[in-house]
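Quick heads-up: structures coming right below.
Consider the two complexes below, in which subunit A is the common component and subunit B and subunit C are the respective partners.
After this line comes the complex of A and B, so read on.
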């Protein structure tokens, strides 16, 4: 009898752990803000010149690392102050709020020791010894050198204190037990393997590898998750499916990846949020505003060189698009899309992306392009391109079937080739984005 | 909607309120940003934008009438069918659903005169001074239809305007237009005719989402392609018909079927 009880208890514990891991997997897939809050004013804080002084060099380095690490994308909520945190990351099992990492001694990390900060960055252990949820990208940040961690903390301690306490996380059982993360760490947390430069690699390839694999934490979004919510092995940077977005393939794939992009295309995109092929919106718009537009040309070049060295992801079988869907889609495109993207989707380089041979449009998972059509998109502003161009939401105008048809048409025209889209996929995303009922701006004028 | 009561007490009360509140008060509550008379707003830090929000036009739904009574609807159909008759050139105003368009307009902000200053004084303005009336458009239609029927009762053997022959209606409408008819209840026949004609054209040619221009019939008649955007390929191709079928804000039949 006792043995039976023990067996049952063990099974229960295993069940909880399994549930936690599965829930975490679901959560990992969506740990992104539901609406970007990009603010040019906030970006100014992390570009303020640092006056000469005894440790100015360390502070400048820390400030630069804050930009490289894209800290503000998460540690800033809409209407909040930089580093104050409080941005809710929506996950299927609840909301995780980013923490206050300003110099405030009570609410922020003003009292932290370098050792505490290192433990957070390297092991995901918070200031009170608690496990941090890996929505905080310590699995990538752990690749930093100790000097860099110290510089980061030194700089963060000079930021204006924000007297704001982010709300507690609102998670369902068992994910609300932080201890569960320790199981995740044992299974999923590894030191990154040292990247091996190819024989013909340009000199800044290694620098690019360090940035992409470490502080840049690109694969947090651009690599698919495995069952444990960690990077899926063998699918490195081949694109990740987020809750309501797709982080595109960054490999050399000609269709879905950066195969058609030059190094200059990539650096221009990282610097300005736009180039002749695409515009950075959604979560990537924030990355451009708070991070890649604020780093050096050399580092952008290094990132581009490294990304261009990634071998193409394998291509997948693509079902043929239905002729009726293509014909309806062509009609909708001609009437609804050509104002900006123009007939034949030639676009306006650096303003409105051409849609032919467009990697975003051809991702295997259409969620990203559907998201843009349904909810609209704003290009992340940057110092060189401060005007955030927007694409409007078409949720009020197009039915699910019409969105499916025009998306199918875009994905299979002008050299594009990608799986057709069905109306129920659109309906599902429309529900997820809360756009079943039209949401109006207060600028919409008279309503009956 | 309540019938407008324009007795002396309401009239005096209305002008007192309008005088006290002033233009801003009279307009402020109902006018949205971007519209004429909207209060200015200051934006800082960036152009406001939020994912998923749309600047959507209002549109209409359903087919029921919300403003006109059955008798008023008869009047409107009898009048607009003479302003734009159905013939081989194109659909008439009734066929294009203009009465329904007018009904929904009069039931909404336009009918309430949200965009108009309706306070006194009500001096007779010059033509270029536009609409000069104490009536909101809805009040104007209601009062005018009543007054015109009173007029036809007296001058056409007790018949409603709607029961008159096409020729009789044409003659009356021409007299209204020329300002030859004096109506009761403070209704300016010419001002009403001007508004009715203008609104009929609007319903006939505006986007179908507002309820009129059924099946884009008016646009097909004149070869207007509607809300189509990119014509650059066609700019230099003189003398060729534009190949695009008409399209409204909410699409066209080709969006839903392959034909």
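After this line comes the complex of A and C, so read on.
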């Protein structure tokens, strides 16, 4: 009998291990999460009305600033609680995990003083006096007024406590020594120069400049990084690469930037996550869900006005696309893409973006568009447009060469002009996204 | 031993169309709502994306989205003299499962029943005499609800789906281009009708020449992009021809996924638990009130979920079985005619006419779910039945729903089913043929009913549902008459030849006909003749509401989704506006 129990126990243990391995194998190759999209539910936390009380005004201000500063995008991991942190940010130096900024006194910032919070926001110094990595955007947040910092902390202390300790960072030497950040601060941290309004600037231009340059920290993604991971000087908001995403050029460039967008195009995009030109997915989808869809029309307008005033980035020389690649790309496009983007890539308004004169498709770095084709992209839901419209992953269907061909074709058709793409670029990104072996769907029963 | 969970205000059993509608309506009213769905989560981009949605083998023939009949099925027989056997392959109807369920793989055919359809007994008795509704042992009855009462709720569903169509009767005024026979609508369709392709256009011309009144089929496949009342977005259909039995990859078919879920999933007071199958509704000792439901998850763990309100919104066959397993209401006995649960099971009487041309390219692969031109001249009581010997009718549709290579290749009369001759005929006719669909009503009959099988059990050890059904003489006469009317239109199109596919003999579970099972949990004006009242509330257990086509006392000559959705909206309104304030029977027995 005892032997039988042992055998059963061993079988159970083996079963659990086997199950875990299977779960791991099944889970890893999925390009898009197949569970419900609940991000809008998390956004409810930061839109809950605040009851009247002695410091209600300060709390409301703090809550609005949390939305404007897009705190939730980073301080919420998949399946986690709002403000609990634990989201891993892939940097060239390793993985940095966002911290718990809920009101939990042990794991969060429930016990922080306003001075401690101010030092973090202004100087990047954590609660224990340690240097914070500038993945936390204090180089932008330092532009806030002290009142705003106090309001932010006051509000965060009212959020539900999250008893969760994020994992430690996983960084390469010497970046794993926090003290190194102090050198970084000396070289890279500086007060932003006061923006000068152009002569004919609309009245809300200055407000827009403050939001874009300060709490909105747009250039944290939309400006290229230098070797130190700081903003590349002279390339402000001309677009950057973040992990395996491209944050597009936001200058007036007609090809890669917002040159063809109107102020209304920008405000609609920020409010709903979609317009007749583009849809916000990936990290920008989160920005829409947790930030820009939840701020006032006035602030969205100010941001748009400011962005529209940015002079066009310089254009680069573009190599001509190979005729064979274009021909093959056209056939693949007709077969794989027209079900949504339609013939001639005219798209459907606010649903499926038109691809002609499309800035995302024409970024100098093709990583963004390749990422979308390989992994798919889910549009960030917003209160007025909750549909998480999703481009499916094509990693299972198209070879590296086919992805390269169709991308080259898209980047050089219907008025588009951008560098052609090679198969090895696709292969590299495919490995990085862990999409080498993929199955059709989570429950299809297909084998990779 | 089941684990008892935290109580909720309302538990929703099954998450297809009616579950989604009830979830949205009750969550909007502020209730804490939990939905339990036995199948998996399903989403457009991961489960039926454009890159693989058009896979006939996977979805249609290998049943990728359907109920797995080796887990659970039902037993079938034609009459009480036979022994029912389990349905081991899906055939005549294709049962859904998973989030969205049949709302994912339906065809998008959105109809309203005729005003007279809700008065099947009294209207026909008045016009054709008492015998017309008692011939052939028919057990038809009035619904206990009128078209006028349902009209605003039909409208709610149109607004939700963005239905594409042309009104034929707007506020009592007959409109050119629409269906002149329909009940009065309070609003035009939200989007214009789908542009018709060649086949339906030929049908419309021929029908008009014969003096019929053709109009475009109202569709949940949209003619243009649409944003509904919940902010959810749909695109324009691209006529891919893979609709019924398939999920839509480009957001152009109304489904719970495209119309409700984006809004509902964001509500903090709504929760959806997938892969949780409800085994039973639990009742208070006096059996007058439900205390909640017992369910089992995919790990085999049992839970008791307490709830103030239980909404049964699974498919009708599951709803009726749950009522029977839970002891709600008296089971129907065909020998005595006593009891109501399981009574008046009905179906849809389908036939068709294939049309073959030599000189006209139909290109059937350019199709869409409900892409059709329709005549309604011989539906319901839109025509004089005097001397015809039957009641009911059908719409006749010149339909190009797709040209799927396995299912939808039509060959002329006398062509063998395989081999060289079949190949030759298939190649010759594929591009030059299409089908006229005759979508007929099905009256209820004393011998057609649902009960629990005495022998066979499902994986949970529960008795399977037993279906006893056959077409009656009324249905055969109706279908023959309507098939002849369709043949007239087919001939008027001047084809090379036509082929009549009549509804002959007993009902068989094998060939696919339609997933329009109705009845068994029927509605009516008293507990003596029905399971639920006009608000779909159980007469016996006042906090149980049974949704879906199970409430139809008999089936009209239309697809059921529009009507079952309207009934759900009406039920939700009564719950929110009346029941919550004063829980108890909404209609006094």
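Quick notes
In the analysis below, the second predicted complex is superposed on the first by the 401 of 448 C-alpha atoms of A that agree within 3 Å, B and C clash if a C-alpha of one lies under 4 Å from a C-alpha of the other, contacts with A are read in each partner's own complex, and residues count from 1 in each chain.
Here is the rule we use: a contact is a pair of C-beta atoms (placed from the backbone, for glycine too) under 8 Å apart; a residue touches a chain by one contact, two chains touch by 3 or more.
These numbers were taken from a predicted model, which means no experiment stands behind them.
In the superposition on chain A, A:401 contacts subunit B only, with no contact to subunit C. In the superposed model, A:168 lies in contact with neither subunit B nor subunit C. Of the two partner chains placed by superposition, only subunit B is touched by A:332; subunit C is not.
Once the two complexes are laid over each other on the shared chain, residue contacts for A:79 go to neither subunit B nor subunit C.
Legend: residue contacts after superposition of the two complexes on their common chain; A:376 is shown touching both subunit B and subunit C. Once the two complexes are overlaid on the shared chain, A:385 sits against subunit C while remaining clear of subunit B. Once the two complexes are overlaid on the shared chain, A:350 sits against subunit C while remaining clear of subunit B. When both complexes are overlaid on chain A, the residue A:49 reaches neither subunit B nor subunit C.
By the document's definition of touching, neither partner reaches A:234: not subunit B, not subunit C. Once both structures are placed on chain A, subunit A residues 34-36, 38, 40-41, 336, 338-339, 342, 376, 378, 381, 387-388, 390, 392-394, 396-397, 440-444 are touched by subunit B and, in the other complex, by subunit C.
Contact residues on subunit C toward subunit A in their complex (touch as defined above): 40-41, 43-47, 49-52, 58, 64, 225, 227, 230-233, 235-236, 238, 240, 249-251, 258, 261-263, 265-268, 272. Residues of subunit A that touch subunit B in their complex: 34-36, 38-41, 323-324, 327-328, 331-332, 334-336, 338-339, 342-343, 374-378, 381, 387-388, 390, 392-398, 401-402, 405, 433-435, 438-448. Within the complex, the subunit B residues that touch subunit A are 32-35, 45-47, 49-60, 104, 107-110, 114, 227-230, 232-233, 244, 247, 249-252, 254-258.
Across the complex, subunit C is touched by residues 30, 32, 34-38, 40-41, 43-44, 336, 338-340, 342, 348-352, 376, 378, 381, 383-394, 396-397, 440-444 of subunit A.
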